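What follows is a set of structures for review.
Next come two complexes, and both contain chain A; in the first it sits with chain B, in the second with chain C.
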Partner chain A sequence: MSQVVHTGAEGFLHRYEGLKDRLPGARLPWLAALRARAAESFRAQGFPTRRVEAWHYTDLRPVTQASFDEALTAVEDDLVLPAAHTANRVVFVDGRLRSDLSSWPTMATVASQIGRIEGRVALPDEPMAALNTMLFEDGMLLNIPAGTDAGVLEILSIASESVRPTAFHLRHIVRLHEGARLTVLEVNQGPDGTRYLHNPVWQVEVGEGATFTHARLQQEGALAFQLGSIYATVAAGGTYDNFTLNAGGRLVRNEIHATLTGTGAACHMNGAQLLGGGQHADTTTFLDHAAPGCASRQTYKTVLTGKSRGVFQGKILVRQAAQQTDGYQMNQALLLSPDAEMDSKPQLEIYADDVKCSHGATVGELDADQLFYLRARGIDEATARSMLVRAFLQEAVEGIADEALRGALEAAVEGWWERQA
Partner chain B sequence: MLRIQGLTATVDGKEILKGIDLEVPTGEVHAIMGPNGSGKSTLSYVLAGRDGYEVTGGTATFNGVDLLGKQPEERAAMGVFLAFQYPVELPGVGNANFLRTALNAVRRGRGESELDAMQFLKLARARMKELSMPEDMLKRGVNVGFSGGEKKRNEVLQMALLAPKLAILDETDSGLDIDALKVAADGVNALRGPEFSALVITHYQRLLNYIVPDRVHVLMAGRIQRSGGKELALELEASGYGAPQAA
Partner chain C sequence: MAAVTETIETVQAATEGTYKWGFSTDIEMDYAPKGLNEDIVRFISAKKQEPAWLLEWRLKAYAMWLKMEEPTWPSVHYPKIDYQDAFYYAAPKEGPKSLDEVDPELLKTYAKLGIPLKEQAFLAGVEGAGDSAADARMPIAVDAVFDSVSVATSYKERLAKDGIIFCSISEAVHEHPELVKQYLGSVVPQGDNFYAALNSAVFTDGSFVYIPKGVRCPMELSTYFRINAKSTGQFERTLIIADEGAVVSYLEGCTAPMRDENQLHAAVVELVALDDASIKYSTVQNWYPGDAQGKGGIYNFVTKRAQCRGKRSKVSWTQVETGSAITWKYPSCVLLGEDSVGEFYSVAITNNYQQADTGTKMIHVGARTKSTIVSKGISAGHGQNTYRGLVRVAPTATNARNFTQCDSLLIGDLCGAHTVPYIENRCLTAKLEHEATTSRIAEDQLFYCRQRGLTQEDAVGLIVNGFCREVLKELPMEFAVEAQKLLQISLEGSVG
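What follows is the complex of A and B.
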């Protein structure tokens, strides 16, 4: 008996055809129709190749050449969860909510019931978002009422061990009404020995004067692919703060689209990429200033060892209406190995005439003068290098006000560095 | 005792030190004077172990131990301290963290116990008070946004904390006003004693009014051309360095 193995886009489309009557919400006409549209979009586009400008530096062939199965739902599993960073934590295993392992604040509405997201699921143009829409099974719906401070919530995604490569597509929908506040620590982990694809999509809507702080700890397993996307809109006076630490995974893309839609909205995107071995990590941001008087700040730092490769693409679009825009973007990379590579592509597209926008990019090695200065004070070379690498990352981490969050990120940085040494 | 014999060194393939012979007995402070480009800074970097300064011949020992084969941090642990002409800025490295890491590294090297954060702060605050340094300099990044005078003071603070046996001061006076110069000199003079030696490298005689040397050496064209007592500094100030003597 022979079995046809489907790879690439065809594999996922094949899976969708086979599963579509059994996917969560299959009997909801609106969702079935949305998935069908997503499938059409994904079929038309396929996985992006390097000929697509936005994917010029990231080659998805390791993903498209693999064949993925649906993760099996383990009934009795011996799953070992990492320690929680916050009092409330929601756990997803292989893309499915585990309510038995989760707790969440009462003021937030958490729903894995697909029926509650009617009218809230968007279908962005990008193929990875289409893939997610076509196949997502679960995710969070965080709907924070006006004037409510929902505190800090950890969202853990964990992949279980599997012999066959698996794929899952979490879909999170976050809406903060006027003046609401929420902090999310998103932790992504998985076993080092399992090849899997995690393709999360976040839809974020920050209302007037609301603040959403979103810290992401990407520590996927060593063979994992993570291709994640965030689509955020920020209304007048609202703030979206994103910090992403890219430390795990074999091939990673962290794509963030943020649109500032109301006067005085703000968006901060900071991040650090810590790469070694043969890792590839790509941070691609698109900041759309669509309203006047908005501010955006981006600081990304990448440290590369081994044969790793880092990518930063950052576009700031300032529309004609967006007078008095204050935009800043800085992207710096530290190459600790001659075989590592960093590609940077900052882009400014400005149609308003009264704006302040700046961007900068640097790629360099550890400074020999700084290293010698530390060693001349008795500090051994390994410690001196570690001090300078941490100092390099400091600027990206120091903006995080929440101590639990900052602690978690600093511990992750520490852990990464120890593994390199 | 610091003993340098026939020391030759190149930078980028160019010979800068052409056979230095110099002895600084324990307990003495020696000055090295000379015009720009004579090799003064090269000598200090070679003694501290900076990459890119290649020793091509000769020896340098400190208390009988070979210096030149050692890593910079090993030399620091032996008690060698270089006060930089241009102290390096370390953005993102807090001054307190830097000073404590350095102090504990050197203490470990000497077989002494490490200081915890409280013990360190107490010591650092006391030393800073002596040097008229504002306490917030501990919280700032190392030398980041410091004025020229503050950077040199920070060098003196490091020297005071690490308590070296041999201090090499590379043009510590450059860019300093008279008050800062006195602070730097006081820092060196406070360490003077039977176990402490210093090599004060300077272009001008002015600093030597405050750090009075036991001996003065003139370095020109990569060699010590003359040596004398402290009065030699005054003579050089009056008459200049003149032409280097033929070998």
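What follows is the complex of A and C.
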């Protein structure tokens, strides 16, 4: 074994070279070729630096300076799983499916994907997606037939304890055919004492009139790097509904690309970032209105304590064809500590004239008048602050229709806030 | 002319020393050959008989510029500029001999703005027009208020009475070197950005204003008041200092389209406000935007920045940008002093193939600093209009406050409107608000106006003026009336 420590992009490329004959699907020529192309793209781009406009506020040096091992696939028997939120749950440990811990929904075709995903794997331009394509080992393939309601499915990704930093790259591919419905609760967790990189990529295709509700609960370990991205397309009359709760991790980037391709498609992206300590969380959204008469709604809330840093970047692109677009975006941040920092960059790029597009951004501390109002009614300061913070976050959470899901997310918000107090 | 002889002598004296000019130009020529190198920078400095420190300052800027790259991040597209294929020091070019030789389109616009013939000739750069009528240099807007001849002869006396210095920057270098040395480059350093570095190396002229302690400038200052302001120049450098408690309002540009042969403009404007001082800087920019097919037009790459150094100081930028093929401009405020205030009010119109990437930066450093940003972008034809702005709050800026509003109006489906705000807050007690909207002229608004007998164009003009009202009301009164007309003219042909 070589004793040379490989870090940064070079480290991952080195690992790819060493692993490529053993990666799942290595004998499938199309997949090997795709991984090789991804490797080329990643080699050319490397990890983005702050000089890259899209990464201006997020410094990946903690990731690039570390050295990661490929996750071990050995089965750990003493793994303690969190309680399931739904009847059906699929469990991934360190990026590999654990069918022994999973229960499968009956209504949908669900499979660990390698071998069945030919022609389905896209290769987006972004370097983190290229890294994922180069090294992904596992993920979900969810193919929901036309007119089927596949119900609710929980997908749990968990990192196991490890002395050496590990990295894993889940690749999930979701396709909803005409009129299909699916709700996914994605839960990401890991131990606080282990440094690991989780770099999942979701490819989502929502067919005509289909509805995909995607709630994400990000509670990675305290030292974890989470750099997930979602690439979604929504056909005419379809809806992609995303909610992301960022509460864990040391350095987190939640990147969502959604393209509305058919008339009357809709996309909702909501989320909350709950940050403390030295956490850094970045939500970056890109909404591409490519067809007429589509609607998009975004509401993101960030609460910052300690020395945390929050980032929101949201771009709405309205192409020339996308007349009658209705786009709305709001991002609000609440600073609760003098050492916290919030950076926002909402963006509109509009090429059609018959549109209604607006965005808003606010940053500030708790409103003194509101606090006074509550204090004047005999509520102590800590309770009053807590009420106001929870009320602030409520707006982002209340859009979730599914009660079980909303309950899970509200509980996560409560738990986080109690830990801060 | 004595001054010219003097210049030649000085340059010759420099030439006969150890340094040899790197080109074989007859020293009596009043332009430097094409291209840019250290010799050109030395030539400009020598021509202007500048002190050694300024030459060094220019050379340092040039050295920095060589190492810099042209910015590519703005949302503007243009063919690559060959910086070696331009003149950096040239006498004013020969203009048309009479109004008959002037582009009839330009004359039509003048007529619509109601500009008297004599001034039309001056604005169009007709030979001799400026000499025969010094008063024609008066800005049109001011002309309606003051008797131009009397102002032209008396304003300098009036200003001098209050101890106000208002002259060209070249003059200031000689007359008030200590002020220039102290403040030049203190707000926009030579290496600030690519165009600022270029400007620092080769700037030829511009305005210098100093308002002494406690003085309220008795009149609006404008570039056109300046006796020797024959042409605005390609690389203009403006420096305005308001000492403690001073108040000044400065007007730049003109509502009438200016004839200009230089395609590339890279100006630098620096404002310094000390304790309790207030500077209001208003711009109406209406340079040649190119023709309806997008050919030609001015590239306007400007760096404008103010430092509110003093407590309770205030700087207010107001701009109406209707001209230029490309506008790249971010008038900014660095709010250092406690309780200082920065304001930015902007209307930017892009029609035909014009592109504008403009906005502001508000950097909050001092406690209780406040900033307001109101930006109105209007796109028509194939125009592309981008608001790009930064609001940054340092941890020291306790209780800082910002309000930003960016509205875009689209006229037609081939244009684009973009909003790119950056909001960076590192202060717990700061309150920042940003909102942006994009819409088009509502059919019912148009219908309402048309039904009352307004033509389509008048109706659009009315609606656009209403859309921009919050900004236009910030303009000095004489300017505001002209600006309204200008908005309407700029949008001609975009509707219907």
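In the analysis below, the second predicted complex is superposed on the first by the 417 of 421 C-alpha atoms of A that agree within 3 Å, B and C clash if a C-alpha of one lies under 4 Å from a C-alpha of the other, contacts with A are read in each partner's own complex, and residues count from 1 in each chain.
Operating definition for what follows: contacts are C-beta pairs under 8 Å (C-beta built on N, C-alpha and C of every residue); 3 or more make two chains touch, one makes a residue touch a chain.
For clarity, every value in this text was computed on a predicted model and none was experimentally measured.
Annotation for the three-chain superposition on chain A: chain B and chain C fit side by side.
Once chain A of one complex is fitted onto chain A of the other, the partner contacts of A:323 are limited to chain C, with no touch recorded for chain B. Touch criterion met: A:353 reaches chain C, while chain B stays clear of it. When the two complexes are overlaid on their common chain A, residue A:377 makes contact with chain B while staying clear of chain C.
When the shared chain is aligned, chain B comes close enough to touch A:388, but chain C does not. When the two complexes are overlaid, the chain among chain B and chain C that reaches more residues of chain A is C. With both structures placed on the common chain, the touch criterion links A:369 to chain B but leaves chain C unconnected. Judged by the touch definition given at the top, the superposed model places A:297 against neither chain B nor chain C. Once both structures are overlaid on their shared chain A, chain B and chain C have a minimum Cα-Cα separation of 14 Å.
The intersection of chain A residues touching chain B with those touching chain C, taken from the two complexes, is empty.
Chain contact summary for the complex, chain A toward chain B: residues 367-370, 372-381, 383-384, 387-388, 390-395. Those residues of chain A whose C-beta lies close enough to touch chain C in the complex are 53, 320, 323, 333, 335-365. Contact residues on chain C toward chain A in their complex (touch as defined above): 73, 395, 408, 410-440. Those residues of chain B lying in contact with chain A across their complex are 48-52, 71-73, 75-77, 81-82, 84, 87-88, 90-93, 97-98, 101-102, 105-106, 109, 141, 158, 162.
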